[in-house]
Amino acid sequence: MTGLSCVLRGRAGEEMGQESAGIVTSTGTNPPIYTTLKGMGLVNTAFKAEDLLKLRNGNLGIGHTRYSTTGISELQNCQPFVVDTLHGKIAVAHNGELVNASALRKKVMRHGVGLSTSSDSELITQLLALTPPMEELDTPDWVARIKNLMTETPTSYSLLVVYKDVIYAVRDPYGNRPLSIGRLVPISKLHSSGAGEADTEGWVVSSESCSFQSIGAKYYREVQPGEIVQISKNGVKSLSVVPRPEGDPPAFCIFEYVYFARPDSIFEGQMVYTVRQRCGRQLAIEAPTDADVVSTVPESATPAALGYAQQSGLPYVEVLCKNRYVGRTFIQPNTRLRQLGVAKKFGALTDNFAGKRVVLIDDSIVRGNTISPIIKLLKEAGATEVHIRVASPPIRFPCYMGINIPTKEELIANRPEFEDIAGYIGATSVRYLSVEGLVSAVQGGIESRGKDERISTKTARIGHCTACLTGKYPVELEW
Amino acid sequence: MTGLSCVLRGRAGEEMGQESAGIVTSTGTNPPIYTTLKGMGLVNTAFKAEDLLKLRNGNLGIGHTRYSTTGISELQNCQPFVVDTLHGKIAVAHNGELVNASALRKKVMRHGVGLSTSSDSELITQLLALTPPMEELDTPDWVARIKNLMTETPTSYSLLVVYKDVIYAVRDPYGNRPLSIGRLVPISKLHSSGAGEADTEGWVVSSESCSFQSIGAKYYREVQPGEIVQISKNGVKSLSVVPRPEGDPPAFCIFEYVYFARPDSIFEGQMVYTVRQRCGRQLAIEAPTDADVVSTVPESATPAALGYAQQSGLPYVEVLCKNRYVGRTFIQPNTRLRQLGVAKKFGALTDNFAGKRVVLIDDSIVRGNTISPIIKLLKEAGATEVHIRVASPPIRFPCYMGINIPTKEELIANRPEFEDIAGYIGATSVRYLSVEGLVSAVQGGIESRGKDERISTKTARIGHCTACLTGKYPVELEW
Amino acid sequence: MTGLSCVLRGRAGEEMGQESAGIVTSTGTNPPIYTTLKGMGLVNTAFKAEDLLKLRNGNLGIGHTRYSTTGISELQNCQPFVVDTLHGKIAVAHNGELVNASALRKKVMRHGVGLSTSSDSELITQLLALTPPMEELDTPDWVARIKNLMTETPTSYSLLVVYKDVIYAVRDPYGNRPLSIGRLVPISKLHSSGAGEADTEGWVVSSESCSFQSIGAKYYREVQPGEIVQISKNGVKSLSVVPRPEGDPPAFCIFEYVYFARPDSIFEGQMVYTVRQRCGRQLAIEAPTDADVVSTVPESATPAALGYAQQSGLPYVEVLCKNRYVGRTFIQPNTRLRQLGVAKKFGALTDNFAGKRVVLIDDSIVRGNTISPIIKLLKEAGATEVHIRVASPPIRFPCYMGINIPTKEELIANRPEFEDIAGYIGATSVRYLSVEGLVSAVQGGIESRGKDERISTKTARIGHCTACLTGKYPVELEW
Amino acid sequence: MTGLSCVLRGRAGEEMGQESAGIVTSTGTNPPIYTTLKGMGLVNTAFKAEDLLKLRNGNLGIGHTRYSTTGISELQNCQPFVVDTLHGKIAVAHNGELVNASALRKKVMRHGVGLSTSSDSELITQLLALTPPMEELDTPDWVARIKNLMTETPTSYSLLVVYKDVIYAVRDPYGNRPLSIGRLVPISKLHSSGAGEADTEGWVVSSESCSFQSIGAKYYREVQPGEIVQISKNGVKSLSVVPRPEGDPPAFCIFEYVYFARPDSIFEGQMVYTVRQRCGRQLAIEAPTDADVVSTVPESATPAALGYAQQSGLPYVEVLCKNRYVGRTFIQPNTRLRQLGVAKKFGALTDNFAGKRVVLIDDSIVRGNTISPIIKLLKEAGATEVHIRVASPPIRFPCYMGINIPTKEELIANRPEFEDIAGYIGATSVRYLSVEGLVSAVQGGIESRGKDERISTKTARIGHCTACLTGKYPVELEW
């Protein structure tokens, strides 16, 4: 591609299996030619080499990787969703979950539209197509239609819309889901060896800025809560910011910092890795431990563990070696192997902790059945004490904004066992980071960073969605 | 399944590659549970065994096999098309092509509906969902909506609609595409060995009645042109017949007799095989030949060849042996094999024709490039003369009603070479059946059959679409 | 390829599933580079396009398609078998089954050779490599080694051996399995359109001559029983004929004529189709029937049915229409469909036989459970009588020479039901061709054909293996 | 399985792609029934669930995973290799490469054995089968045959041989490749929850002891250099130790410690992780650096980096975040992405090093083209200096003992660029660990560990193969 390209990535958290991927490109010519690829599985199995070649003529495009949250696992539900309208095709990809999807589905169906999937993407395309009436002669005012959509549904979505030679990048008024803009650096500037005709300038948009480096782009800025950004061959242009109801703060998902995002992604001007390290430091202040070594459940808890070690002064060591070849899909031919469970995934680095008291940092505890066999493993290999320190507060409430959290009943924090969680999981002691500690670790970094002059900060407020921890949802939910 | 099941099959003509297949079943319970399977390729590769098991709870269902006519070859275009409406899901499968699809697409898009595929099936579902307005409290009057659809588009379609516990089987007012009803015979009546609990009674609907025998059903009757038949656990009930414009005869596709249908299918009370045999007899009358033997291009021309032999008194022999293992998909690694072309598909049965004058019957000649190497093959193997007799008239006009006929320019009958077609293809002589001969061979059988008392014949008229032969389309086409 | 190419095909009888395919090519250069492809399934699924491209540099090669007779269905057992010897690689493919394989396996293992497969091909390569001792400096005398092999095992095999730039084509002394030589015709002689650089001259060898036409080759001659033919860029050269024991006639498998071979193949100077037609005529003489029409179980019995019709004067009609899309692999999701069995495979062409007495010709009856539902189908559709006439004698004995025949106990001709076979299968009457009738139908054609001057016929004798019909095996079997 | 099971694993180093896997089990009954599974790709794609079920009756078995070193990537070369001998089947799997394979191949081929693959496994099976002559009546003395093999080829191999109900585990006299024995712990002892009938006791053998934990086994001991261990239902029994030539020390591959092995494996009584950490400490002594932070190229260099940090007193931080989803097989549709190369694999954790002087520890540098873009990445992201410290000496010589090292010409240490390696790769400075430093880091741990009473240490000597670093091969190589 020699122009724009946007990728709206789902999360790549360890426990989530990517289930499908889709790409739509447009030539941006008049009329535009759209090319669509969709496939099941990880990106590198979902598409075949010969299919990817079909995209060569695209000058702009959007992609999507889908994880199983709601909706059946079918190719049909795979984004982007493309529909033909009176004025030509539009393609839509989104990340998130519309809180009032059910009411909106009824609305479009009452208008006489049949919905062929259970996905919010189709719902969004039909809402965009629906009103106001399309007249045959004029180009539709897509921006007005997008604004209209944003007033009908407050959250939770980041959205990419392709129409002819333009991409609209949109974040919901609460900014619940992330969306970042990057700038493609000409390859000749990346490498001294000349890049020749394959060189590219342009813009990219992504859920996570970590993906920019992989394609040779530099982080430019975030799409702001409520903002509609137009990306075309003329560059990036902020078209509008749809406001939240008076008094409501933004509500960016705090669990992006805690767990979902890759550590090298940037949100609100700060690197996720650094926030996690601060959480570890804060945890060391809130929950100090009399122990010999600090370690991590690799790999996601490592920044917090290093932060804890720095703050506490205890030495950081590795106690677990991850077996990269044990996948979710491995066939377990007998009961014995099934019973071994998580022990298959980790090897104990005995020399580093035998005879010692271990502080083991984990990023979060959801169901509690992963950490238990790890503790058992460490104790059998010679740890005299195993203190669990969790770099986030207990999860107690479901998420209705696109994150797949177990039911309230399954969450360990809501079960009787939580009373004696240390006993239940076999730990010497268990402590969590407080909600206030987490919020201060997250928001402290934003304030200390100063202002990015490219973003109007006059009205900028700081605020995060902590609903899964506190039950305070950013908008009132109708059922 | 223990109730109804309907299959709307596309054609299985030799040169058409089946490209996708789909099935939707409903439990017929309240609320109904729908199960959908779709896959690319032939039916037995499109579905996996474990997927078919998912259909076990279905009590009624519709299926579809798709051939590439229009529309890109994508799973997305695969029928049946299922949409959710205010009153629940409907599933639609159709055979044919709406002559005014373009105008109807504009109509629904003007209403604010985005169309996600290029298929007529989606268009039909959205037309059914669209008007009149859906009220929340009542069950929609699907029959009124289907009638409304039929007044908006006169032809060409046979249609199956599933809603909850009912299937509607519909044929367009011109009856251009076939649709037959069969009755499932309890297996205990088919085999003396008891059938036990797996036994089934019920109804089936199919494009071609030949499929009934494969599933142990008996031919019952055809859906009449314009008829809406309701099939439910209460049996088969004719609900309505939407009339054609005053004076218009029905227009069942005459090429179903000539080429598309399997020879053991029944249309208008007569077996296709027998009609083809009559075409061969008529051809012998119209185009007698001074020759030694009559033969066929296997396998579709065999009934006509036997008919020609019977009428002419010439002996019938086989001259070509078909190589069943040469498929469309075989990889041809070098130029040499590509050049050999059709010779790979047939072996010459030399002893039967060496030194003899051969009459070779073909069912139709479209582009003229298949018959030419066959003639060369026979001559090289020793045939002294090869007279081509074609059991249908030359195809001169495109079909806009669901049949994939080459462009006017590609049709041999419209090209200069047709002037000396025998010279062009290397035959000793070439003769075609006349349009009148074909029509009389087809319609003669209908008249002589007498009346089926189950069908009201008061207003029954006979008429066939011969548009591809004569250019006389059943309805005026708008562009 | 621009030189030699040999294909040793297994049979393509309708009921046999091809299970694997292999190709080995040699550049014929010094040193030669061999390329091997093997895959499971039919030829066109076993190999991928990109793999076939790897063969482009081969100037000679052999291929093999394997059917399940003995040996487990594994890629490992797939031919050709290639081994490295002191003097370079040899590749071996064979058709048939060594009658004394068990003793020969012991012999090579006693010499200290481990055998990695259960296939005769590996056994043959190790026997060729084994003795006499290989000296380092000289080229081994492969022809002497092949002769040695032929004295150690009398039958049943046709063999292709590749070494550097030579192919040896070998038929066992009894000639039990077929092997024919064809000559590649330059494409420029096949088509007036110039063929350019892709053109090819050369030689091909095949189990069945029918394959020659598919690749633009002409039938040249058969490899004679016991003959070793050398094929190289210098052409075809007969090197030696290993004799049978004094007094033993040749023993070409008579079932190649009856059932296995494609009808357009040539054996012993006569076309298989014509032999089958003669069998039908002979059957009409031996087993005349008072009936109205003669028909066939399509497609293999058709030549015999036409022969019966010609001899008897009864009209030939088609009564069954084959459903090409019902394959072995079709998934049968419920009991009902399994019970329908063979009825799924055939449609009844009622008009041709309703109210009539039918003579139905089949080529052979092995287990008797295919013909029974066909008879039921015809009777239910209106046939007043169904007389089965089988164009071969009952099979009563197992084959130890490469043909997969059921155990003695499974053969209908050895079971009590055979006493009243007509009653058992529901036929009005059943008659078989006599062994003498079959032999005369086969051998009559050889005698009447005269001599092929390319083959020394001084010592030519005629003889066929009828072991499965008579129990008289060509060689005494040791166990 | 309820008895013995052995796995001979190839390495799982990051840059090596596993290419095939195989398993052979034996029922251990009389006669034994062997089951073989082989497949291409990683273990969890190579085998299907239904295939693994076939192994259920096996009571002992061996497995193998193969990486591409020599030999073409074909299923045929996949181990274990099973051959039928006069006395029944033996199955062989090995890790390593016979230094005199070429001479041994000639030997068996001169005996008249054809070799069907290029793999050493087949060669070993044929050598075992070959001599002394097999007599029909007696059981062959496999131990004598294995000893005979060990005198014919001194190194490099670890070997597993299955015959009936016994597994022989063998390490070559130099002990070049590792082989460890583990004991299956009854699951009831692992988990308090009762294990029921699926419980298992028994023995396992593996190239790397890290695999024991995954299947619930405990490390027992190493097979000693030259030792033949018999494993059966009667337990583990040392049968024999074949000595090295007088004066030769053992030669265990030192690169197993440096790079190949998983850090939680145990060799010579010490954990690999700890050895690597010691290498890092030694490197800090040999090559101290004036810098701000120490970091790692994740993940293999992390133990050495932590060791360097501990010894030097510099703080350990993470500077790179690994992108787990960028695989070898990802399709790179355009030049741009190919040029980005290694940058796709790592994200920079800028906050940890911007404005700082970084010591970056790598485990080894082979070609030098991986580290270069990483240095560029760090510098562009703000590192003021990047000092590369390599925890092993430069690789200068090829390995002929099973490790795939580039040709001498490709090794960066042998190229002119090595003169100014820092300039070439863009580093501020580059230093390597010395050979002496590496050897002392490795051997220091062995001495300090004391004696394992299960192993006779009277004649125990310490020695390692450093051929790739020093050119001193354990045995003289013939060509």
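Read from first to last, the chains carry the letters A, B, C and D; within each, the first residue is number 1.
Keep this in mind: contacts are C-beta pairs under 8 Å (C-beta built on N, C-alpha and C of every residue); 3 or more make two chains touch, one makes a residue touch a chain.
If you're wondering where the values come from, they're calculated on a predicted model, not measured in any experiment.
Engineer: If every chain is reduced to the average of its C-alpha atoms, which one ends up farthest from chain B?
Structural biologist: When every chain centre is compared against chain B, the largest gap points to D.
Engineer: Is the number of contacting C-beta pairs greater for A-D or for A-B?
Structural biologist: Ranking A-D and A-B by C-beta contacts puts A-D first.
Engineer: Distance from the CA centroid of chain A to that of chain C, rounded to the nearest Å?
Structural biologist: 62
Engineer: Could you grab the centroid distance between chain A and chain D? Build each centroid from C-alpha atoms only and quote it in angstrom.
Structural biologist: Centre separation, chain A to chain D: 38 Å.
Engineer: When the centre of a chain is set as the mean of its C-alpha atoms, what distance in Å lies between chain A and chain B?
Structural biologist: Chain centres of chain A and chain B, defined by C-alpha means, are spaced 50 Å apart.
Engineer: Identify all positions of chain C at which a residue touches two or more other chains, and write them in rising order.
Structural biologist: none
Engineer: Given which chains touch which, is the overall layout a line, a ring, a star, complete, or other?
Structural biologist: ring
Engineer: What part of chain A is in contact with chain D in the complex they form?
Structural biologist: Per the touch definition, chain A meets chain D at residues 1, 12, 42-44, 47-49, 52-53, 55-56, 187, 190-191, 193, 195-196, 198-200, 210, 213-216, 262-264, 271, 273-274, 302-303, 306, 310, 315-318, 321, 323-327, 329-331, 333-337, 339-340, 343-344, 347-352.
Engineer: Where on chain A does chain B make contact in their complex?
Structural biologist: 75-76, 81-86, 90, 105-106, 109-116, 118, 122, 125-126, 128-131, 133-134, 136
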